[in-house]
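The letters A, B, C, D, E, F, G and H name the chains in turn, as written, and every chain counts its residues from 1.
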């Protein structure tokens, strides 16, 4: 989940990372989720693998938006993680990203985009980064011919 | 989940059924799970569908054994339910049954078998029922020849 | 996708719905995506089925956050839609919801939650609705015993 | 399956391990299953991979509770093992755990929990272990901020 | 499994059909499998669904060839049946046919082909039937043009 | 496919191995399949991977029984091979074995069993080998206790 | 496969439809494939379901381009058809379309596009049809707001 | 995708390779797709992985035929790439090849075959290469006997 922090830092969005385990520390899960809005969090990103319950359980206990990252699991390559996170019932939403590190980065990016909806300077930074990424591709786009 | 109650009643095992929703009533989930052992429950059976978090979350909060039944979901026919329930990490166990009503009945049966490990009369009832089921098949086993 | 609108209306969040087809109207897709931020949109919700390219293509062309809803497809029940939407590469994020109508509703809910991060009254409405949903369950939680 | 023994030993529950192959030693399978209850076993844990028939076949011949562990298979990563064990028909129950070593450990844990339903000291040991696991997480929960 | 009998009758191969349930009548499974060769059976066809153990268990107890038919199951459409039957370990073979009624018919056909390896007249009947099937197609092969 | 030859040799069944590629040598496929019965073959074993057409195409052109072995493919681990071989339409049968080398060995074993239906000495060799395999397990069945 | 003919007719491309069954009429398959180029065919479209061997077998015997349409099968909804058609080995190519009627139509469309590469008027008809399809969407693009 | 170029060069078909990223350079995607026919391209081959939108998006914007190659992705081995490319809706066709390098080569081969439909010399080169491939197999077809 380090990639999520990297993405947030890249766009100058502050973050705080901590371990909350749905299965090992359910009390902490409850307290964290119940208090997150009052403590000033704006968005919660949660990663989990296998029978991945963390993002959905947090979402059930906070009015804040929750993003979920399916960790690539050993036996089933994260398909179990993905389905456990994304297939939430009507009324409890988790915005789910791709399996693995791409998804972790994108969770940070999407969180930045959400905050950018209310912050013109942040949205501008994101737009510029997107443009720069395109330029990189364009500078090396010719692969020859035969 | 009615089939689980049916199975328990069939073997004269008492049960109590209630709605506990991981996603709609997380506080109730918390209280129920934390107190179940002290309230005298011996085994907990939980059914859930889609991103099915209920059985695993209960298991994280009680020393009692937990059985999980994957409900057949609409889009993915319960494959999501199954993986969300069975793929628990090391340290939090859910004994998972088949998708759908067969699994619900079998959860009641397995609970009866668990209690039967300490109750000779109950174990005997189960053994007799198994024998009777075999007899039924044997009485109608001939399907003709050609 | 009507359910997404329903969810937004329920929380008094304004919305505008239009048809943008990645495959039939690519120019419109392009224009819509490029201009959405300037036209004052805050969040974009896109639903698509099968080889579902709409949410990801919009996300590639806007700094706004994009949510994707996998429509339940005929042959593969939406598994193709889900993978086509959620498995985005690093750098282009789509917050993906569940397959089908539950996902559509949850996309509206998650959008409301995102706006609620900057709107205390909206966040409060969401919190109250969650509490009411729990109360409904609690009022009917007893299923008898045997 | 060593992890199942480890879990049992950890909670001071006695166990006996032996090789019973459904496909190589069917006679032994029949004898073992038929006699297990009379020999004083309380719970049976069986692991198997691929077309995994052992747990279900034992369950068909004993009134004792049976737990099944899907071994991670080579070609299909244990998805075949999982479905072969968990999808039992109505009337023959196997409490199925996760694919691989996590599932093996959890089978031992779940067996201990089942015995703990009738043994306050054992249940107490399990509860204390769960609390200690949570404390470990809490001691290292802060991952920094940015 | 009626289609298997139909196929055998069509090629004038004698058959005997009976109910043997791996899970409900394990003793009968045992006796049937152990005695089948001595009773003069040449080939055994077994159909089963879900966690389908019957074909593999018979194969573990007889030197006769065993053919398996995966019944189309409710939740997983027979994918569980197929994997439970076909993924046998080295040393116990089940010749597996397609899911459902096509597979049942083909089990009968394959059994006839196996017997036809030692019976010229039978092999000739099969060859003629194949030729007739081709002729049927050829008589109606033109679908027009545009 | 070497394992299939090994199994046949082990039971003293003669075999002849050759390369026939459905996709690279279709003429050879046609000639081989059409002539196999007249050339004295009794059973045909064919292995193939990915879009695996060889076993089914042979089966369409010979009255002999055909066994198919799904080779473990690179991207999809043989699931594509398995479905391409086993899901044959009504009227063309392929007895399918497990994915990979276990399936290759079992194809040879099943072929031996088919011939053993008409050869008491061969069937006896198979029965003895099965008994010896069981004895091996029984000699090492005790795994200790705790 | 009628939809493929419809698409071709729509763009004024001539076609001829006939039944060629890989499994029922292998000789006809052979002759058709070997002679198709000399008979003046330019492109071959083949549909098949389950263990779908027709498109790949034709492709192995003709230098013409072959397009394949996976028919939606009963048990596995066409996933077997898709993998059997698309997963061809290096050296034998089948251009595969979507499962079911959408794929059948698109096979006709793609064939027209291939011919349109050498026929300006045809390519123009396709381009105009695409534009008209976009206009249809645009005329009804407004879905209201809330 | 180098294998696609190799295949084209092998049959003396000219090609031009460039980087066009649906997600990083959407403008370039639009320009390339809109202008490809006028710039004299005859066929477009596009490879993509994960949520693979490139081939379908190009196909939505050009009357030229488009071939798609699913790149083998990390978590899901290219199943996501395959479904994202092949499951196109009615009206936008992508001729899809196998996952990975075999598919890339076959895309070049299929493109050559499409051009060969209007170029007798090219079609002849393809036919000769196919014959040579068969000869290679035939020269080494004997694998011994036992």
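Note that in this section a contact is a pair of C-beta atoms (placed from the backbone, for glycine too) under 8 Å apart; a residue touches a chain by one contact, two chains touch by 3 or more.
Since we're looking at a predicted model, the values are computed, not measured.
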| item | value |
| --- | --- |
| Partner chains shared by chain C and chain G (touch criterion as defined above) | H |
| Partner chains shared by chain B and chain E (touch criterion as defined above) | D |
| Rotation angle superposing chain A onto its copy chain F by C-alpha atoms, nearest 5 degrees | 180 |
| Centroid spacing, where centroids are CA-atom means, of chain A and chain G in whole angstrom | 40 |
| Interchain centroid distance [CA atoms averaged], chain C/chain E, Å | 48 |
| Inter-chain centre distance, chain D versus chain E - centres from mean C-alpha coordinates, in Å | 34 |
| Chain A and chain E, separation of their C-alpha mean positions in angstrom | 50 |
| Set of chain D residues in contact with two or more other chains | 24, 50-51, 75-77, 79, 86-89, 91-92, 94, 98-99, 102, 133 |
| Each pair of chains that touches, named by its two labels | A-B, A-C, A-D, A-H, B-C, B-D, B-E, C-G, C-H, D-E, D-F, E-F, E-G, F-G, F-H, G-H |
| Of all residues in chain C, those that touch chain G in their complex | 5, 8-9, 14-21, 24-25, 27-28, 50-51, 74-77 |
| Contact set on chain H toward chain F in their complex | 72, 77-79, 98-100, 102, 133-134, 136-138, 140-146 |
| Partner chain H, residues of chain C touching it in the complex | 22-24, 26-27, 30, 33, 49-53, 56-57, 59-61, 73, 75-76, 79-80, 83-89, 91-92, 94 |
| Complex interface listing, chain E residues touching chain F | 3, 37, 42-43, 63-67, 82, 86-99, 101-102, 105-107, 109-110, 113-118, 123-124, 126-127, 130, 133 |
